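Shared chain: chain A. Partners: chain B in the first complex, chain C in the second.
This part shows the complex of A and B:
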């Protein structure tokens, strides 16, 4: 084994420029594989973490239809019904709407989340990213106060909105009592949070609810509770579709769609690796042609066919190995750079790419495999040479 | 016992669908420890005969025995093993691998035989000293003179201590003085018990052998 490696290195170092160019093909392929996969992994991890922060003991109920529009959709009645289900610890209704916002005369459409002020903190404090930067959460009795997402405070309007300022929502004034830290998700960072009743009054949707967050008591099966909620909703609203998700289901659904992205990324990268493999095959065929006489010498001095085969397969495998090593290294550097960029532009912890040891291991193994496979045909050609003919070449 | 024996050996090449006979019925035996020269003009079939004795090729008809074993129907790998263990080749063109140093070239047959590195290097160095190249071991073929290259080739042929040394026009690319040096080495090896088969068209060298086989048009003529 060792002696084959030694011989391959000697053979490759003889034609340095060609060896480097051939390896370059593999380097590009593996660099692409490693950086693509690590970005994909990073995305999956980021999304998972956000959902896991939501907590696996929570259930989210949403409806595509809104109450008041043809009389269907979730209402306060559903909320109190769910509250009565065994195993439910806590229910928090939400009403979200795109409303007209205004600050210092500048008007912009803004996403407004209506929450029960007494439950807002409990519902969202343990959700990823919902941390106060300044001020306080909504509190019971709050009416015309608002808590801002970071971007709304920072650059949503031309001038910064600070604690104590007032912004108008649907023409009515709300005093800013709190500002959230940046989460990195623009949907969260460009939204504001107000009292649900006040918001529904403003919008003329007294009983309407867009989503209900349910927390399951410890010791109760989350899926069972979900089933009970579904049954209860079906009884009340015949023929209306509701989505009742446990957070675990959401995590699974999103993870699997991210897997698709990863596979696509990996596929694109794989194509470049195939191109690298073709480069190896090409070089190895040239090697066999150029070294025909040498193959004759090897056979005359007692090399068996399998030894000749191994010599050439090792050579092409060594291309793969070096390409893989260098590719992983460059992929790691690229992934580190992307991390830095993501941290600077998207915020800390939003996208953390990672070149894991197993990714490195698989990438290098894959590169060696690609090398060996590319070398099969040239090696076979070498084996098939007639020693007498080869010596005469 | 004869170390090499050929019985009714014929070899026909197919060239553009035309059968070209190279050997037309050769019967021949070479005793262990003999010094044989095969002489004949170019195209007489002497190289073909060499290839058959050297287990590089199989006869179209007839049988070839090495140490009593019929090798005319053996597989590629079995032939490779016979070449590795029983035969050392010395070529007119030297046939050294240009990338490898003198000592690495000499190591080659031992490499294929699976001799461990330490032993291999030790023996290769001894063999190079034997042919008078003790101070040239790290040189590549291009840094050596023709005579020196041929001596590396002889050292390589001796790698696995084979019984038979097949030398195909070993002096053909050398000046008279270097050629004479090579002949002396071969003759010295014969004195030490090696069977030498020398293919040459140089009368002076050929006549020095104990047995002279003359070949013409694929037949032995004396």
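This part shows the complex of A and C:
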């Protein structure tokens, strides 16, 4: 074993430039694959963490709003029905709507979330893991006040919206009493939170609910409670569909679509690894030609075909190994840079990348495999050499 | 003598496999780039053709959040009503106003149940649709018919096991509708899966009063579209108390879609170019070897009066040639790959999915591969030019 290593290292440095270039091909290939996959892995991880913060004992009920069949969605009646289900600890209804927002004469469509003011803090802080940057949460009795997502405060409008300012929603004034910390999720950072009743009045949609957040009591089975909620909804709304998700289901759904993206991007990047393999094959063939005499001597002094084969396969595997190692390293650096850039330009948590140990392991194994496969033909050529002819070369 | 022939023959074979491998690097790189770009280009062409068909004189008005809600919890939108219609109708430059109600519903045929998109429209809507839809058989519906539909091609063929023909009945949300006509295949499954009925029928089927969630407006001419859409925005803002709706022209729509496709093409092409970079590294490697092997030859060339500049040129020409040939072959493979992707895409998405390779892309790919070839050859060529002739001649 040691012999093989020694021999291949010696040959590698023999033609240094060639070895460097050959390895470089693999390095670039592996770097591309690792950075691509790391973006996908990072997104999956971010999603997972976000939902884990949401907690695995939560259930989200939403109307299937595909082209929103109005008048048949969730209502306050469903909320009180769900409250009565055994095993349900906490129920918080939401009404969200895309409404017309206005600040200092600038008008933009803005997402408005209506919440029960008494439950807002519990729903978002406890359940959602959201924190305030300034000011306070909605409180019971609040009517024309609003809590802003970070971006709405920061750069949604041309000028910053501060505590005490007023913004208009559908023409009515709301005073800013709180601002959320940045979450990196634009859906949250670009939304504002107001009293659900006030909002529904404003939109003319009394009793309408677009989502219900449910927390299951400790000791109760989440899936069982989910089933009960589904049954209760089905009884009340015949022929209308609702989505009842547990966090686990949400994680699985999003993760699997991210997997597809990961495979496509990783696959296109993987082509460069194939090209890197061609580079190895090219170099190995030159090697075999140059070392024809050496191979002749090896064979004459009793080396078996399988030994010769192994020497060359090992050598091409070494290209793959080093290329893979360095590629993973550079891939890691690139992935970190992407992380930094994404954090600066997109905000924290929007796009995180991650080179997991298993990704590093697979990338290096893959590189070695590519090296060995590329070495097959040259190694076979070396084995096939006639020792007598080879010695005469 | 025979020995020498054998030797040089073997050498040639060796060289051949080296040349072959060096070329394949570039070939694969260019093929992947061409194939990837062809996806983006094809999509752009299809989309723009479709939008052209619909016409640049159209304006689309919809409540904000009606199309696509992103990842967050579902949002409600405030639908339009007759007040919005009246308002738009009074705007100068408006030729036709077509209110619509879009919904998705369960459609039953026999025991099969499928969710499909329903579009409810008025006479004006059907008239506008007739400008870009062609009827395959049967007839369009009349505004006053409340139990009749005309259907997309896929609804008639493919959505259900049984083919749906004119005169057949569909059960939509529990109510029976007779099929009066079938639309010619458009080529995209979502568009071919629509079911059209009168807006009154849709509003009563979904029990929504006189709600309207989409308004298609036709302006007098392309020239006034911008002006009219601005007017619509102003008037509706006043009417609804805030800007909780979107107004888009066909041009806006094309712009938005093209922007997304640009990014897609750029990202896919960018990732694919990494292969070409690796291909370039292989060229450099091969050229470097070739310089070392031909050290003596270079020495002789120099001794017999070749300038450094000339030697640089010889090697650069060689690597550029590798780039050119690799690029040309790569383009052929790229076209084949792109055709394969098209076949797969058409199977899943519909016949509208096509890949397209423009002449610009072909020329660009060729130039790009020559650049990669010569750039990769630059260092080896420089090394060759720099060789000391005396040393080079002594080289074994």
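Please note the rule applied: the second predicted complex is superposed on the first by the 375 of 393 C-alpha atoms of A that agree within 3 Å, B and C clash if a C-alpha of one lies under 4 Å from a C-alpha of the other, contacts with A are read in each partner's own complex, and residues count from 1 in each chain.
Just so it is clear, a contact is a pair of C-beta atoms (placed from the backbone, for glycine too) under 8 Å apart; a residue touches a chain by one contact, two chains touch by 3 or more.
If you're wondering where the values come from, they're calculated on a predicted model, not measured in any experiment.
Student: Answer with clash or fit: chain B and chain C placed together on chain A by superposition.
Tutor: With chain A as the common anchor, chain B and chain C both fit in the superposed model.
Student: Looking at the overlay, what does A:307 touch: chain B (first), chain C (second), both, or neither?
Tutor: First partner only.
Student: Can A:91 be said to touch chain B (first), chain C (second), both, or neither?
Tutor: neither
Student: Quick check for you: in the superposed arrangement, does A:194 touch first (chain B), second (chain C), both or neither?
Tutor: Neither partner.
Student: Give one of first, second, both or neither to describe whether A:367 is in contact with chain B, with chain C, with both, or with none.
Tutor: Neither chain B nor chain C is touched by A:367.
Student: At the Cα centre of chain A, what angle separates the centres of chain B and chain C, to the nearest 10 degrees?
Tutor: Between chain B and chain C, as viewed from chain A: 90 degrees.
Student: If we overlay the two complexes on their shared chain A, which of chain B and chain C does A:299 touch? Say first, second, both or neither.
Tutor: first
Student: So in the superposed three-chain picture, is A:388 touching just chain B, just chain C, both, or none of them (first/second/both/neither)?
Tutor: Touch partner of A:388: chain B, not chain C.
Student: Which partner, chain B or chain C, touches the larger number of chain A residues?
Tutor: C
Student: Examine A:272 and indicate which partner it touches, taking first as chain B and second as chain C; both and neither are also allowed.
Tutor: second
Student: So, A:152: does it touch chain B (first), chain C (second), both, or neither?
Tutor: The answer is neither, since A:152 touches no partner chain.
Student: Compute the least Cα distance separating chain B from chain C in the superposition and give it as a whole number of Å.
Tutor: Minimum C-alpha separation, chain B to chain C: 9 Å.
Student: Contact residues on chain C for chain A in the complex?
Tutor: 14, 17-18, 21-22, 24-25, 28-29, 32, 36, 63-66, 69-79, 102-104, 106, 117, 173-174, 206-209, 211, 213, 237, 240-246, 268, 271-272, 274-275, 277-279, 281-282, 284-286, 288-289
Student: Under the stated contact criterion, what part of chain A meets chain B in this complex?
Tutor: 3, 7, 10-11, 14, 293-294, 296-307, 387-388, 391
Student: In the complex, go through chain B and note every residue touching chain A.
Tutor: Residues of chain B touching chain A: 51, 54, 56-57, 76-77, 80-81, 83-85, 89, 91, 95-97, 99-100, 108-109, 111-113, 117, 156, 159-160.
Student: Touching chain C in the complex: which residues of chain A?
Tutor: Per the touch definition, chain A meets chain C at residues 17-18, 21-22, 24-25, 28-29, 32, 36, 60, 62-73, 94-102, 107-109, 111, 113, 168-172, 185-188, 191, 203-205, 208, 210-211, 239, 265, 268-269, 271-272, 274-276, 278-279, 281-283, 285-286, 289.
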